[in-house]
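Naming follows writing order (A, B and C), and every chain is counted from residue 1.
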Amino acid sequence: MDIFVQQLINGLVLGSIYALVALGYTMVYGILELINFAHGEVTMIGAMVALAVIGALLGANPDLPGLLVVVAGVLVAVPACMVLGFVIEKVAYRPLRKAPRLAPLITAIGVSIVLQNAAMLIWGRGYVSFPAILPRGRHEILGATVTDLQIAIVALSVLVMVGLVLLVERTRLGRAMRATAQSREVAELMGVNVDTVISATFVIGSALAAIAGVMVSAYYGLAHYYMGFLLGLKAFSAAVLGGIGNIMGAVVGGMLLGIIEALGAGYIGDLTGGFLGSNYQDVFAFLVLILVLVFRPSGLLGERVANRA
Amino acid sequence: MAALLSVDRVSKRFGGLAALEDVSLSVMAGEIYGLIGPNGAGKTTLFNCMTGLYTVSSGAIRLLGQPVQNSKPHRIVELGFARTFQNIRLFSNMTALENVMVGRHIRTRTGVVGAVLRGPFSCAEEQASRQRARELLGFVGLAGKGQALAGHLSYGAQRRLEIARALATEPKLLALDEPVAGMNPSERREMGDLFRKLRDAGITLLLIEHDVKLVMGLCDRVAVLDYGRKIAEGTPEVVQRDAAVIEAYLGGEPA
Amino acid sequence: MTALVARLRRNPLLAYGLLAVLLLLLPFLVGAGLGRGWVRVLDFVLLYSMLALGLNIVVGYAGLLDLGYIAFYALGAYLFAWLSSPHFGIHLPFWLVLPTGAALAGLFGVLLGAPTLRLRGDYLAIVTLGFGEIIRIFMNNLDAPINVTNGPQGINLIDPIRIAGLSLGQTTQLAGITFSPPHLYYYFFLAMTLATVFVALRLQDSRIGRAWAAIREDEVAAAAMGINTRNIKLLAFAMGAMFGGLAGGLFAAFQGFISPESFNLMESIMILCMIVLGGMGNVPGVLLGAFLLTVLPEALRYVGDWQRAVLGNVVVDPNDLRMLLFGLAMVMMMLYRPAGLIPSRQRRREFDADDGVAEQEQASLYDAGA
């Protein structure tokens, strides 16, 4: 029983990170119907930049309070990723909006390779570790352990998501985004500056990715130039699970995928009689992805998107 | 005489919007059947339902007695129902001849092995496809244009090429979605001639048109759609005098 | 020189004859001129040519983006290793194992394609990507409880290809000339590559090839013209997978050793790069792409030497630089020369045409919601 609760909690934490990344995919897809392959890499860059800042600050003064140092890292990583997202869209996608579908997909892959390898050249092939500077309180709930970090990750994710929903539902920019997602042409006729909206979408998505990147590296205690690939793939699966193009879908899909993965990893040994071990954890995301596409391509919360898929 | 195509109480809803409601009609073999109605009346939606691009929300569509309302487009083409598109959809980077040869796909059998080995059967089939495609280009008045890129043809020629491509599938019933839209009167007359030639060749025509004059002059029977409902059906003379049609479509004045 | 070119133009038979002689002598010319190591590079050029031609059927002909192509290569390689090595103690002949590997890969292609091909193209891209990762995870972990793949260590001592008592894995004297294994494999691979080129060209110019081109151009119109779009896409997918499986088997026999490391995502992407760079859908373009992207990384090794000579030490590992350059090349090609170095006639027109109308309307092929 306590394994179940423990894995549920772990899944929820993982899930809120997936959800943050999934939001970036889903927002871009909702507006451009483009899978932004480079999004996972933006997450990685976010983690790397934050770690670089944290390392520099601690190098200058090891006695700085840990929380402050991490917040500083986030405060640099977020704008850095926003700029990156803006540039990616401008350079790699905008010129190809009218090109055949394959073209932006290929540049997206190209961009993600460039980012990955640039990160490798800058930060090396090895793991970059996240210094142990955050508070490390532990709490017991229903026989399971919850750390301060886990609570912080979930709380911050929820906060960011609420903020995003308010932005989309309540602001002018949000209204323009929804209009553009409905129909780019009509939005344009109605005086929406579609280019600005698309740029804003990439910038916001990248900001979320940066936060998620810092969370992942803090959670696992490390970052790596290759981390964005798998994270991105899983987050995309989460977005599809929830219904791509749908913001609530990305949140629900992310949470659900995190839980499926954690429970799956916890029980796969028992389920297969010890044949498969927890090293198959990464398979679940893809299985979920394929099953959703087969049985419900519109995702859990998807509506009209079905005929786009 | 049995209906070639019968549409039985077909409805189509997009979300909450009813694009078609309880539409019934039947097309007899050998006739030219016209489908008219104002913009947004649901003509193209009905077309897409009939040709398998949309699934119907309710109702039945029968082609030669076989239910086809949930069939895939290729199945419907195989049964002998081909179409053109309102906004011309040619394979514009392929040549005119290749476009028509794509239409032969369903009537030919060469598979991967045949394509690679090019045995006597495949060679003969390919030859026959090419020959048939040339004949069809000639039939629609595009003789000698076979090597031109579809996208480079003039607008009228593209319309004709679409018809040739559809004819390559050996249809019993050919549905044309606004085939003379954007043409000048003399081009329209020529297209009208082509349609009569098609009927004389034994092909039943289903025509969606805006041009009431053309439809009235050409069609044996006409159905009128308005707001997704059929409001009239019959010979052009009868329909022209129908009060509902005059009210809805002809703007209150007899045409 | 120009006189020679003109003469070759007039007399294609002579041109092909010269080309044949050149191809036959190539390993010796390269071996003498650049060193024996380069003969192996030539072998890889041929292997990658087969892979790229296979993927080109999927991406270039049918317009489907397959990002897990290397998984089919892996399947072919592992099947060869299982059926032709001491790992299970089975030693079947290559002419049995290679087709089996191709068939297995083709089968997986169908299994994977069937659920996804009715969806839009970018979903296929992501699902194939995931499939490639799943295969790699299984290869890495299926060493326990039953040792199927031997995990990250991979499988060793795979049988070389034997033709009529001649092992391609052993240096042989024939008519007084010494043929090392890379030389022998060169000729075998050359024959296979030429066969692949033949199949690719014939398919392109056929009823099937036209159907592929049609769905690539306008899927709705293709369906309305009687093409069973799902089956014809599946066919492309399966054909591509089969070529992948075949090349995988050849790779296993040639190397004598395989491990999951050889089958990562970057390999899939490199093969895709070859197609994009050379010219999607165009056989000569794809061959050029395979040649350039196999040879250039080897040539890049000299950049390390050059750095050491000029700067005193290696500042940037050329191997690290390799993928960065590939990524940049992909972006640049799409932006400035999207149809590739040697574009196919048709593809160039597609990329030049400035209307995304058909592309956008692809979306509403079937309204699954109803």
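Rule of thumb we're sticking to: contacts are C-beta pairs under 8 Å (C-beta built on N, C-alpha and C of every residue); 3 or more make two chains touch, one makes a residue touch a chain.
The shown structure was predicted, so the numbers you read here are calculated from the model rather than taken from an experiment.
Q: Looking across all chain pairs, point out the one with the most C-beta pairs in contact.
A: A-C
Q: What's the farthest chain from subunit A if centres are computed as the mean of the Cα atoms?
A: It is B whose centre lies farthest from that of subunit A.
Q: Roughly how far is subunit A from subunit C, centre to centre by C-alpha average, rounded to an integer in Å?
A: That gives a centre separation of 32 Å.
Q: Counting in whole Å, what is the centre-to-centre distance of subunit A and subunit B, each centre being its mean C-alpha position?
A: 48
Q: With centres defined as the mean C-alpha position, give me the subunit B-subunit C separation in Å.
A: From the centre of subunit B to the centre of subunit C is 42 Å.
Q: Note the residues in subunit C that touch 2 or more other chains, in rising order.
A: In subunit C, the residues touching two or more other chains are 350, 366-367.
Q: Among the residues of subunit A, which ones contact at least 2 other chains?
A: Residues 304 of subunit A touch two or more partner chains.
Q: In subunit B, which residues are in touch with two or more of the other chains?
A: none
Q: Give the list of subunit C residues in touch with subunit B in this complex.
A: 198-199, 202-203, 206-211, 213-214, 217-218, 220-229, 235, 239, 346-347, 349-350, 353, 357-358, 365-367, 370
Q: What part of subunit A is in contact with subunit C in the complex they form?
A: The contact residues of subunit A facing subunit C are 33-35, 91-92, 95-107, 109-118, 120-121, 125, 229-230, 233, 236-237, 240, 274-277, 279-280, 282-283, 285-287, 289-290, 293-294, 297-298, 303-304, 306-309.
Q: Going by the contact rule set out above, which residues of subunit C touch subunit A in the complex?
A: 59, 63, 65, 67, 115-116, 119-123, 125-127, 129-131, 133-134, 137-138, 140-141, 144-145, 265-266, 269, 272, 276, 280, 316, 320-321, 323-324, 326-331, 334-335, 338, 350-351, 354-356, 359, 362-364, 366-369
Q: Which residues of subunit B touch subunit C in their complex?
A: 12-14, 51-57, 72-74, 77-78, 82-83, 85, 87, 89-94, 98, 101-108, 110-112, 114-116, 118, 122, 125-126, 129, 149, 151, 165-166, 168-169
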